[in-house]
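In order of appearance the chains are A, B and C, and numbering begins at 1 in each one.
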Amino acid sequence: MDGPLLDVRNLVVEYTVGDRTVHAVSDVSFDIARGETLGLVGESGCGKSSLGRAILQLVTPKAGRVQFDNVELTGLGSASLRRMRRRMQLIFQDPIASLNPRRRIGDIVAEPLRIAGIGNGSTRERRVRDVLTVVGLEPDQVVSRLPHEFSGGQCQRICIARALVIEPELLVCDEAVSALDVSIRAQILNLLEAMKARYRLTLLFIAHDLAVVKAVSDRVAVISAAYARSARPRRSTAPRRIPTPHFCSKRSRCPTRRSGRRAACRSASRLRRWRRLPAAASARAVGAPTDAAPR
Amino acid sequence: MVYSIRGFDLAALDVEVEPIAATPASRGRLVFWLAVAWIAIVASAAIAADWLPLTSPTDMDLLARRAGPSADHWLGADALGRDLLSRLVFGARISLSVGLIAPVLGLIVGGGLGMLAGYFRGRFETLVVGGIDVLLAFPPLVLALAITTYLGQSVLNITITLGILSIPALTRVARAATLTFAEREFVTAARALGAGHGRILMRELLPNIALPLIAFFLLAVAVIIVVEGALSFLGLGIPPPAPSWGGMIAEGRDSLDAAPAIAFLPAGAMFLTVLAFNMVGDRLRALTDPRQGVL
Amino acid sequence: MTDPPLLAVEQLSVDLPTPRGRLRAVDEVDLRLEAGCSLGVVGESGSGKTMLSRAILQLAPRHARLGGRVLFDGQELTTLAAEALRRLRGRSIAVVFQDPMTSLNPVLTIGRQIVETLREHLAIDAAAAKRRAVELLVEVGIPAPEQQLRQYPHQLSGGMRQRVAIAIALSCEPRLLIADEPTTALDVTIQAQILDLLARERQRRNMAMILITHDVGIVAGRTDEVAVMYAGRIVERAPTGRLFKAMRMPYTEALLAAIPKLDAPPHTPLPAISGRPPDPTRRLPGCAFAPRCCYRAARCEEHKPSLTPIEGTGHEYACWHPIGPRV
């Protein structure tokens, strides 16, 4: 097994809003080995969504390197980038908004095949039906309907089907379950694990809920923002550290580097550290009842 | 755990999709169909005018000047003895053809520019918006006057003039609609799949903005019919003896005391037609939302 | 207790006409809430919990038909005149909604929105309203309140916006606060802060609160009583501690089991509830949860269970095969 599948080094993403520059991601580095699931945890506003999009080059990073299977993605020409895009896919937070409201599901799920120029009409249809069955939907009932006829959980399954129909190697889940009800969330998490096994995927799972991330990840990384977000260009409030105990054990040996306005991503910590989390902190972080009797 | 999982229980993944019937909007349906019926009647009469048993619109029956309804002239005759009914029908031909074709020019040019401006943003958008503002600031009557003076009065020139004048409004509608949809996640999802600009514009954006554009197009038809009528009234439109509703109103001005029907009949026809297009356009705009659910 | 409860809901039902048939969003719900107590209403999408809160406030959609009674402080709300209802809302009953970005007016500064509410209900002058607005922002924990008054909602973060929405809700000292999924749109750390804020304010003002959520973990330790809703009905109701220790409804157990636990080993498969929430237009003769329940028997599909109380505990459940020790 040669090298990690995804290698991100010193990634910087900035947005210009009016006359201000927002440093969304500042000097982040990590890697994901093939077949691994890396969980990325952070509160909202810390730049994790920008990170996910920058990796796929949907947002052009200002600096840094993104290597996918030893191919440098930044600065790649559009045709080559499009070819690379077939190998990595993204699942978004809002499943209903990720589907074109005016196109039928069969059409939507076949689109990646059409864009990649794979197969012809009948082979595409067969693959679409196969992948819809795999994600737990009945193709006949689903293929000719419009997205608004489905619930959030079903739409997320359709999005997952769309991502998997071209059999990518990397799947980035950007808060893929945050907008779903608790029981549907459990279904989708189980589905992602099943799909990972079936398609031998590598997963980058981005979320703000540590328990959810922990349920599916092999390793967890934490992204944090060092300063309180303020509407003003100049900081008028004193810098405030986010409550890192909520995410990370105090005994973690994560190095911290600060550059620009936001802190760097902490390096991945092994899971055994999470088990040393005090029960009170974990309950506060996720709101789970501490006195629930396990059955 | 009471709910046991054997491997990953696929029973947990089964979902059924309930069929959803379309929602009828019961209020205003009758009026809508009446409007459609009126448009159909006027359009078919205009198309089939040559084959209908009508006297020629330019035949002057000097014995029947300003006559009321009679066996020869079902709706009476105008100041020069020309049959009002046949002039109305042939006038419909002019009004409808100018009214429908001019906005089509606006739709294609304006809609296309607006969609590109809303999608690509940046300097191109600034250029388009600036150009539209210039066109809007230009007094429309002066433009019409200039074109008819230098290029002559003809149906074609009037159509082109009015088409150019309808471009700004359609550009704005198209741009606004595109701005709304271009930020949605399904467009980002299409980019993540590797779709190029053309594919996104045609397959993702166009189906979504088509309906609001067409609804606005119908409203533009109504406006153009009135504007053509105004131009003809001022003598800048279709030259006599070709009948047009606006010209007939102008001619009827002198006979308002003796035979008011000469002016009011074409005015009434124009009013009803414009109203009908407005209703259909409004109805389509109300149906623009693809969501047909209940709650 | 001879005092009437602050809020009494009796056999409340909401029917919505749809082209597919009559949709029973809320089905004969009974609730009692004493002054100063808090109730958690837990249910998934489509369980009717939001429609319940709207129906209590008499804000259901125009074509909805309401049945039953809603009594607030002895006053019958279903027959109250529109003007009296308007005075009640905001002043005595306040609501915090799920998404502060849509519940706040995006084109008004937050100072203006708070002051507007204060002046509408309390008839005080502008300067006093402004002072009170600053006090409220301090109470909800917003730093530099004088400057924040001039901000627009989109300039604040999600957590701040929700705090502003809470400030507006609390501004007229309501006796009942209905929080409809107040933390669903926020991330986990902010969720805890907002819920703590609500609990603190409730204690301080001795206010009654209804906390509506789909996450049963949120109500633990924060409410006095919990009611679990499914398909428009209340299927279990108990004091909070008792519910978590001795739940009877399989649905409640399944909801709790579906939450990923922080101390579980990674890659533990989550016991998800199979199937999906029921179609409210197609009402089954038996228990609505039966198709998804792993304990179901013939009786569950034929007869609808009604809420059965357990003596002396204030715990009620509606199930033919309750789990846990036999009563």
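The definition used in the following text is that a residue touches a chain if its C-beta (ideal position, glycine included) is under 8 Å from a C-beta of that chain, and two chains touch if they have at least 3 such contacts.
Here the structure is a predicted model, which means the values were calculated and not measured.
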{"item": "Leading chain pair when contacts are tallied as C-beta pairs", "value": "A-C"}
{"item": "Reference chain C; chain at largest CA-centroid distance", "value": "B"}
{"item": "Centre-of-Cα separation between chain C and chain A, whole angstrom", "value": "31"}
{"item": "Centre-to-centre distance between chain B and chain A (centres being mean Cα positions), rounded to whole Å", "value": "46"}
{"item": "Separation of mean Cα positions, chain C and chain B [Å, integer]", "value": "48"}
{"item": "Of all residues in chain A, the ones touching two or more other chains", "value": "153-154, 187, 190, 193, 295"}
{"item": "Touching two or more other chains - residue numbers and ranges from chain C", "value": "253-254, 257, 269-273, 276"}
{"item": "Touching two or more other chains - residues of chain B", "value": "1-2, 5, 8-9, 12-16, 20"}
{"item": "Footprint of chain A on chain B - complex, ascending", "value": "1-2, 5, 8-10, 12-17, 20, 184-186, 188-196, 199, 203-204, 207-208, 290-293"}
{"item": "Chain A to chain B touching residues, read off their complex", "value": "53, 56, 58, 78, 81-83, 85-86, 89-90, 92-94, 97-103, 111-112, 115-116, 135-138, 141-142, 145-146, 148-150, 153-154, 157, 159, 162, 187, 190-191, 193-194, 295"}
{"item": "Chain C partner contacts - residues on chain A that touch it in the complex", "value": "43-45, 151-154, 178, 181-187, 189-190, 193, 208-212, 214-218, 229, 231, 236-237, 242-243, 246, 271, 274-275, 277, 279, 282, 284-293, 295"}
{"item": "Chain C to chain A touching residues, read off their complex", "value": "44-45, 143-144, 147, 151, 155-158, 186-192, 195, 214-218, 220-221, 241, 244-245, 253-264, 266-273, 276-277"}
